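What follows is a set of structures for review.
Two complexes, one shared chain (subunit A), two partners (subunit B, subunit C).
For the complex of A and B:
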């Protein structure tokens, strides 16, 4: 980074607090999930909370890459790498400590993402979309082909319960606690990472050629983001495998990447809170639609279309815009004040 | 040797099918700047419409083909004008909308026809043989129709004013519209043409391969592969790449077996991306 850019970014960093309100609310909401097992023992509610947290953590992989204006379909592949790492470690090597497993589930996908990123990250826009989609197909095939390691089409079954400092986490509520812990770790890493480099990311998102010519080493930030996104997805993979007690290729189907992207965009891609809200709303919606059986994916698709057409900034973007315009209306004369703020959520 | 030739023929006929799919995909991207995630849906729909016309209405297969093309093109036209047009400038929104539409289409087909694959076989049976080389008549017909459709698309894109207008649109949308090309007419037309091609492929191929509500997923993946290999937006690139993909898949399936064919292809695509990130015949990457 040049001195000028360093000075400017240093100056800007002094002005704004490190975490905005959205980050605090998001982390608080995730922490609240720790209380769920104390409030209810209803297995339905517990599994629902589990699913939401896993979906939200996985969708963070999409959120991080969207900070750089890259739409990634690679989340299921890194979830698979994280999940299978945990399964292999616990089944073959007898590792059950949740901290060790969590670190492995983050680091192994992140390390895999480095060489892949070298290959993929020079692609822009639609090429990135297509190649990450193909990548999930490759990983899916590899899971079936590498049977000695992954168990092929049988998957890896019968994982032992994980332990937290020797304490065995085995029943439904313990599984939710594990998931919450992993989700919190994922959200914390994502919040710190995206806030720490928010100006760099914003510059690359707006115009990476300009950012590059101003002295920003774009490849460095893209590579870091890809690795962190992979690691966070790996945590989600761990949580999923831990909940199902099996690692199976179908858990990481290529088309599931569509869901994760949908959570992020429907919730509002402009803020980390959007990812969480999107996951809460859409996983609950899926659950509700499931009452309609076969109709459920169609209703989900319809919902995607309607939200995309009507609420362009996603739920959070639209709410933020609404609050902003209500405030503006309250404090200024109607019609005589300056033009209303442009919708925040709509990046383009 | 005979086996080698027979496999090559299968590869070429696969390649011609992939060409039709990839041509549609690449036209939509080149002209509208949209990645059509619903492409596989139109393929499946074409297959089911043809099945419905022949099995339920008792129409002849060629008529069913025409109806399949017409109905998929019509739906594509409607989807473009009513939904896609509203978000055409925002590439993430177009992705979301086409993904959503794919889910809706797949569900609609599932609700109407059920999850089981229906009995739908090609009207012409029999195998042509010369020496030890076997080639089913059905594949021959598919190959013929596909090649005819490919020639028609080339003629349309490179020899007519409509095609010139579409290519101008792909080259530079702002300048082309300033010169009087009408996006309101050309976008729906290009989209309908592409979805019609997908429908045609579905109607032709599903009686030979398989017809079920979910057969669109792999179609999408193969369309992606082909356009990545050939270069997004490049018509010739898509054609060349589709034949490469078809031949590699056929030979790998025979000589390597199982899903190794698909893996070989994926690795091939990765290698090509390292050497030429813009694809075989692609130009500068378009910022969509």
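For the complex of A and C:
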């Protein structure tokens, strides 16, 4: 067998694991949140954990679309659709089963995203950004104006506690368990979806003209991604409404999309772990920023500028690069280090 | 993912194909046939409409009139990915790879998108070795020298196991010593995969070496058809080249 044949044959025999280390760490960290109510009953700690998980789940909507090189401002729209779906189902129809509500919070926004995606996914770059931003404004307007369904400026208040197999999840720790369950579902769906189609997403992100010329129907993957991103955002909307026991338009303000984008980019848009790390760091930092009052949005903006200029990979991308450099240096010192592996950024 | 078996060979027919952008006629009434496993050269000065013709045949642009058929199936105006799925695959003037990803993952992506079996990479082994892609197997595409990036892009097109290859100036930008790779590539594509090849090229030596038949475009019109020696001695063809023209744009430049 020639060297070429041996290299290729060896490559074909390699089986890449379905999940990489980042997916396992992320899912593990989210699962750890189930233990928080057993560790503390401090309402502030529980509330902070709730906010982090909701922010991280919402930011997944941004992460999924960024994998296709599309910057979406539509997350608050789909959060609102998910949140209001749950509020209407529980208040008007008496549905309180958390699994049924979770499915509805995922499926209704995802189904709404299909026709919207058909309209806007032909756009790229700034045009896509603009249209998704306008979409959040339109949804905001509808929430205020469609008062018979949404309660208008009063919102929908007094939602009953959700139930899990008949067990009522009513207090602070139960709310965190519900949020954690929804966040875990969102992260699991996102991890499976983005890993299953990692080659397709990477190709569309890097060179969609080439991908199409090789036979990839890019629009199908963009449409699927838009629907899944909408569904996951809907889960975050459910968690937010459940925490506040109220569905109100101001919870889904268009400008909140800037926060979700910031979490994703500062954490690292190349990895699902980046979304979680970004949310943990920045939601925690929000307490600090809040002390600066009006400066808070400016500080967020400054962070985006700093990360964009100095560390495009975000926290996770930078740490991964540093670890890679240290390993490479280590293997050079050893001299006969291991054979060169595929470098950072490989799809496998 | 279910692999699609290799497709049967079929001829490519361009029939009275025209393309205008507003009042600007890019080419007009161009017809030719590329037989299964055949090789047809397309030459002409810059601005003759060669890349636009590839864009129309591949589905990236719609023809203003006329039609393109693959066997009995009309394919003009169909999406690029749809035509690629039928075995009609193009290459690009400039390097076209997925940056940030290794040579092996670039090839895997090509096979995957065409829904072919990965074992095609084993069939490509002699070519990959000759081009020096095996020794760069785990390196990122964008760090490779220009010539290697170009050959990677071409090999990705071949990894889809096409019936028809549309090659848009494959030798452009290659060192003289690297140009023999194109001879090897085209020969391999025809021999191993039975590909019909439409070769758009400015390198007349390459055209003379490879193409039994060429068509000449000038100002959007087909002005000559025949063997390279016949057409390259014609006065209208020489005049067309001496007259020159505007630069054409490439696609998917990364």
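Going forward, the second predicted complex is superposed on the first by the 314 of 348 C-alpha atoms of A that agree within 3 Å, B and C clash if a C-alpha of one lies under 4 Å from a C-alpha of the other, contacts with A are read in each partner's own complex, and residues count from 1 in each chain.
Definition applied: a residue touches a chain if its C-beta (ideal position, glycine included) is under 8 Å from a C-beta of that chain, and two chains touch if they have at least 3 such contacts.
Everything numeric here is computed off the predicted structure, so don't read it as measured data.
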- Query: Of the two partner chains, subunit B (first) and subunit C (second), which one does A:215 touch, if any: first, second, both, or neither?
  - Reply: second
- Touched partner set for A:288, first subunit B, second subunit C, both or neither: neither
- Check the contacts made with subunit A and report whether subunit B or subunit C touches more of its residues. B
- Would you sort A:200 into first (subunit B), second (subunit C), both or neither based on which partner it touches? second
- Name the contact category of A:18: first (subunit B only), second (subunit C only), both, or neither. neither
- Query: Which of the two partners, first being subunit B and second being subunit C, lies in contact with A:167: first, second, both, or neither?
  - Reply: neither
- Message: According to the stated criteria, A:34 is in contact with first (subunit B), second (subunit C), both, or neither; which is it?
- Response: neither
- Enumerate the residues of subunit A that count as touching subunit B in its complex and touching subunit C in the other. 348
- Note on the structure: So, in the complex, the side of subunit A touching subunit B is made of residues 71, 119, 122-127, 129-131, 133-134, 137-138, 141-142, 144-145, 254-255, 258, 261-262, 265, 269, 294-305, 308-309, 312, 348
- Task: Quick one: which bits of subunit A touch subunit C in the complex? Just the residue numbers, please.
- Result: 2-5, 7-9, 11-12, 199-200, 202-203, 206-207, 209-218, 340-343, 345-348
- Mind pulling up the subunit B residues that touch subunit A in the complex? 29, 35, 37, 83, 86-87, 89-93, 95-97, 99-104, 106-108, 110-111, 115, 217, 221, 224-225, 227-228, 232, 259-260, 262-263, 266, 269-270, 273-274, 277-278, 285-288
- Query: In their complex, what parts of subunit C are in touch with subunit A?
  - Reply: 58, 60, 79-82, 84-85, 89-90, 92, 96-102, 104-105, 108-110, 112-115, 118-119, 121-122, 124-126, 128-129, 134, 137-140, 153, 156-157, 160, 251-252, 254
